[in-house]
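Which chain is which? They are A, B, C and D, in the order written, and residues in each are numbered from 1.
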Amino acid sequence: MAERELTYREAINEALRQEMRRDDTIILMGEDIAGGSGQPKELQDAWGGVLGVTKGLYTEFGADRVLDTPISESGYIGAAIGAAATGLRPVAELMFVGFMGVCLDQLFNQAAKLRYMFGGKARVPVTIRTMIGAGLRAAAQHSTVDYSVLTHFPGLKCVAPSSAYDAKGLLIAAIRDDDPVIFCEHKALYGEKSPVPEESYVVPLGTADIKREGRDVTLVAFAKMVHTALAAADELSKSGIQAEVVDPRSLSPLDEGTILESVKKTHRLVVVDEDTPRCGMATDIVSLVSQKAFDYLDAPPQMVTPPHTPVPFSPVLEDSYLPTPEQVADAVRGTLD
Amino acid sequence: MAERELTYREAINEALRQEMRRDDTIILMGEDIAGGSGQPKELQDAWGGVLGVTKGLYTEFGADRVLDTPISESGYIGAAIGAAATGLRPVAELMFVGFMGVCLDQLFNQAAKLRYMFGGKARVPVTIRTMIGAGLRAAAQHSTVDYSVLTHFPGLKCVAPSSAYDAKGLLIAAIRDDDPVIFCEHKALYGEKSPVPEESYVVPLGTADIKREGRDVTLVAFAKMVHTALAAADELSKSGIQAEVVDPRSLSPLDEGTILESVKKTHRLVVVDEDTPRCGMATDIVSLVSQKAFDYLDAPPQMVTPPHTPVPFSPVLEDSYLPTPEQVADAVRGTLD
Amino acid sequence: MHLKREKALWVYERMVLIRKFEDKVHDLFSAGKIPGFVHLYAGEEAVAVGVCAHFRTDDFLTSTHRGHGHCIAKGVEVRGMMAELFGKATGSCKGKGGSMHIADVEKGMLGANGIVGGGAPLACGAALTARVKKTDQVTACFFGDGGASQGTFHEALNLASIWKLPVIFVCENNLYAEASPVKYTLNVENVADRAAGYGVPGVIADGMSFFDVYEKAGEAVRRARAGEGPTLIEAKTYRFYGHFEGDPVNYRPKDEEQAYRKRDPITDFKQKVLAKKLLKADDLEKIEKETQAEVDAALEFAESSPFPKLEEILTDVYVNYP
Amino acid sequence: MHLKREKALWVYERMVLIRKFEDKVHDLFSAGKIPGFVHLYAGEEAVAVGVCAHFRTDDFLTSTHRGHGHCIAKGVEVRGMMAELFGKATGSCKGKGGSMHIADVEKGMLGANGIVGGGAPLACGAALTARVKKTDQVTACFFGDGGASQGTFHEALNLASIWKLPVIFVCENNLYAEASPVKYTLNVENVADRAAGYGVPGVIADGMSFFDVYEKAGEAVRRARAGEGPTLIEAKTYRFYGHFEGDPVNYRPKDEEQAYRKRDPITDFKQKVLAKKLLKADDLEKIEKETQAEVDAALEFAESSPFPKLEEILTDVYVNYP
């Protein structure tokens, strides 16, 4: 029997549905995650999220557990955090990660620090789902990934799946985790399909995945950039270069071991990241490897990232803003010279 | 005649005063930057900022140019940004950098991106003064540096002086700059004295300073950590190790040249940073050097930072949370083994 | 409030220009010619034009994701706007901003904003500039019923109230924030009811009637110019299209939509000026033709314009970069 | 509102315990024995105790930087609190939080908060837990007059109003936010005036009178437990010390301070319960002695406790860390 395939969007929806059936302390909150709340029944659950990811959950679980919220991210995300600290396990949606600026305090000063400040006497099992990424002509405020910032803050965890399979397993892990987890959904991946088991399963936080094995160079890439790295690897293999593609999946905690092992084997590192280059995941990985696997490196480690600029709107600009497989392949060739 | 010395606090105050005398489009905004606004005259200008940095400016420049604000950082910092875009040159105070979570949107989505999004047809000459740093037993929300996050965002500039001299020159540069600049004042340095010329001068943004010359190892350090690095260098010199201490002063833009030149001379790098280690300034510098001066490095680059945890309150914990000269010296010795 | 003939011509021209622009954009989006997130202003024309009819070029406004109407009301040229939506080098923002960041600072239009509530503090800033420079410029801050739940609205209104800033907060209550009805997101009947909590006048206007908005905005602008402080105006209005282009609009009752379509602010204005004999049918027809021609020309301009050069990615991040 | 003898004893004991604790901390800070940023609650006792007198252990509260009084009113033990201020391992937060983050989740005290306005959304969350779990627990959200300008206050009040959450928003209007008088930061007479903008009752209480706070909080708690939604109570009060320890308090008129000192809420309560013959002088004296002894013992406990081990820096960041 052929394996069942789901899209990334469907995998997320299924993870939420299965977890909500299992545990009735799980609630969902967010702007128009149902849509039409307060309207006559036939107009409710109209959207299921702005890109349809939570569609149908309101209909199944009702208004007590699927809460449309006003546009007040500090208010409702803070409420999710307060609810998590007092016995629920909320999954709140921050529609776009670029909106973190209107609620960051609740994330980095409250969710992230409560447990520490209270000497371990609190737990905050909240999951924040948020959309990341460029490619939809959504311009500077709606196209960032910015997960580097959320990874920076101690007390937060941060994951960014690149496939439907990982999305389901990581989301279930995030929901069950007793710490605040930022779950980053790349909006250009919602249509990507992969085999996804029907039953519930967990991809543990902090475990990287080798998406392609190779011996000549290690490509570390995140979310949509995993696909860019894989395309580059395909291209490179035509000239006999075997790239290993490591997908950390979880940015914080980070599976340092898998990355370091790969580099110890390949002796070369290229990081492919959609975040901007200063104080970002790319610098994080390069510096990790430079410190801990320095003696294994046969060439300077490389970063392929967008430039230190906002995301431009114009399609021609946006397309060349993002790292391309060609750029990655060039960077790899650079390390082999 | 002996050179005039000022404290870091006095140097900042003098920079503000001199610039305000020079340019009447400069206004100050912030919580209790005067104190007692709306009270009878004898109770006004009561505080001059929570740690007295802006003392006396209200008395000299009046309520039209020195504006106490309500506790609404998004509101008044956003107003400073809007004023900057329409013809003023505001200097707004975000009391502690740990409060950036309540106004980040105005910083990273508005101030930082307006010019780009508007195709170059806006300029936002705003300066945001903010206090950074641990050491005052101010606990997890009032002790961070977090400038790595502000450095991450394209469109912002970010500086962090380590001396009174640099503080005055960098603040004048920041105010005159036509871009948004975050000016980070380390609260544990306010009492530090150094010679400061009376006349106005500029320390250009993006210029590093070599605080001590040496040939054996490059220490890159920021703000208060410059002093920690200098103490380590003193210690190391007793055993004949000559450390060069590079103070970038400006985190964004970064003077890559001076750092790279130094490493090309010393062949060793230790970064000393008060920010936490993930996606921070330390990883930024390590990855810069690893990419661009790889062949000059004789040992793995090292980072000395606090752990990936919030800042603890207890004095014993806080003291050992911060990097110490001993740790820096040990890291240096590690690179020399 | 009395309207001079010249102003009435201008009003009709602006309202119709907005409508024709938005209708065209709607078609272009459906045809796959315009990318991105596009939010149309059709139906709400009386609000932007009713406020901006009191404005000078050196007055300011801040806008929202639904910014085209505010741009046109403030005098931004539609060719640059259309080119911007296409991401062309000749766009108002050189193609770098798109619909959600369309701006024209020279015209006092301080930008659409992708962040709900993001413009309110900026509006206070523009007003502060006027106060410090002792000019009588005023600033309008447009926002939606959804935006009334954001913290920035509260902070900005408070700030404007204590500093008596010349800001007019204009809530465009079109009954929905995306797919959420305002009766769900607010526990009060009117956003204007919030004004009292700041010691500021709170005024309700019929957002489907130019004359009502014009009158109420007139008093607010007078107050602001005279240094008497801010006003909160809530204009009850309705958007004719979906939240954004592509929205199936499956959360609104059809009869509600029809009822509002019948109250079309342009038709309303037309009937009133004809009845009052302020304008003639000829005047209106001429304007309808001219605006259509303007929009058509804008489209041609946009389509024939070049895309930005790739180097443009790197420019305009900073004014000064070492 | 009638008070039973037992409750009256509890009230006096809590109010005096807060006062003696704060007086002691003031002395300790002046003597250089306590580090950090410390904000004292002395003078405002009637507010925290007047609200918490209606509370069960399983009710919740969120607090502010000025949190000691809320802790004690909610039943947090003073020895742990004192040890926390010293940064000792036996502190309520193992010495990791200090005065601005003092908490006791088991007692329903969800933390002081170093961020003005930071607690308001959290309070909605605790109330949401009660609603989802269908309990009748209520949550109090304490905040200051300064906090009333923060966006989170507005967002939380709106959220609580539309979801009818069992939250009591308690504004402790002590006339100042740091050195800024409330008449400068607000353009209205009362913070309670804002409640109408959310369709929520807005009530003013005399924060220097336990009985007045107790009565008004009683109705708010009743409403909340009955599922009738939130209430905003503004308690007009005054802090007897400076904003934080070390504050020269050079922004308040001396006669104002004296006038409020004369309205000491503890004296007021004492006089009233004696006059009503609810308690006897002996009762009060006994409580005064016992609370003094408790504070003294807390100090001894704190001073003789060990500092945390250095490994503690690394723990409690996460529950699960691979």
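Assume a residue touches a chain if its C-beta (ideal position, glycine included) is under 8 Å from a C-beta of that chain, and two chains touch if they have at least 3 such contacts.
Keep in mind that this is a model prediction, so the values were computed, not measured.
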| item | value |
| --- | --- |
| Those chains which touch chain C and also touch chain A | B, D |
| Centre-of-Cα separation between chain C and chain B, whole angstrom | 39 |
| Chain B-chain D separation of Cα centroids, rounded to whole Å | 35 |
| Between chain C and chain D, centroid-to-centroid distance (C-alpha), Å | 45 |
| In chain A, residues with contacts to at least two other chains | 70, 72, 74-75, 98-99, 101-102, 105-106, 109, 116-117, 139-141, 154-155, 307-310, 312-313 |
| Residues of chain D engaged with two or more neighbouring chains | 93, 95-97, 101, 113-115, 149-152, 154-155, 158, 162, 184-186, 317 |
| Chain contact topology (line, ring, star, complete or other) | complete |
| Chain C-touching residues of chain B, taken from the complex the two chains share | 25, 27, 64-65, 67, 69-70, 72, 74-88, 90, 105-106, 109-110, 114-123, 154-155, 157, 177-179, 204-207, 253 |
| Contacting residues of chain D [partner chain A, same complex] | 60, 62, 91-97, 101, 103-106, 110-111, 113-115, 118, 120-126, 128-129, 132-133, 151-152, 154-156, 158-159, 162-163, 315-322 |
| Touching residues (chain side chain D, partner chain C) in the complex | 149-155, 158, 161-162, 184-188, 193-200 |
| List of chain D residues in touch with chain B within their complex | 35-37, 87-88, 93, 95-98, 100-101, 113-117, 146-147, 149-152, 177-181, 183-186, 248, 250-253, 307-308, 310, 312-314, 317 |
| Interface residues, chain B side, partner chain A - complex | 74, 98-109, 112-113, 116-117, 139-141, 146, 148-149, 151-155, 252, 254, 275-276, 278-284, 286-288, 290-292, 294-295, 297, 299-303, 307-310, 312-313 |
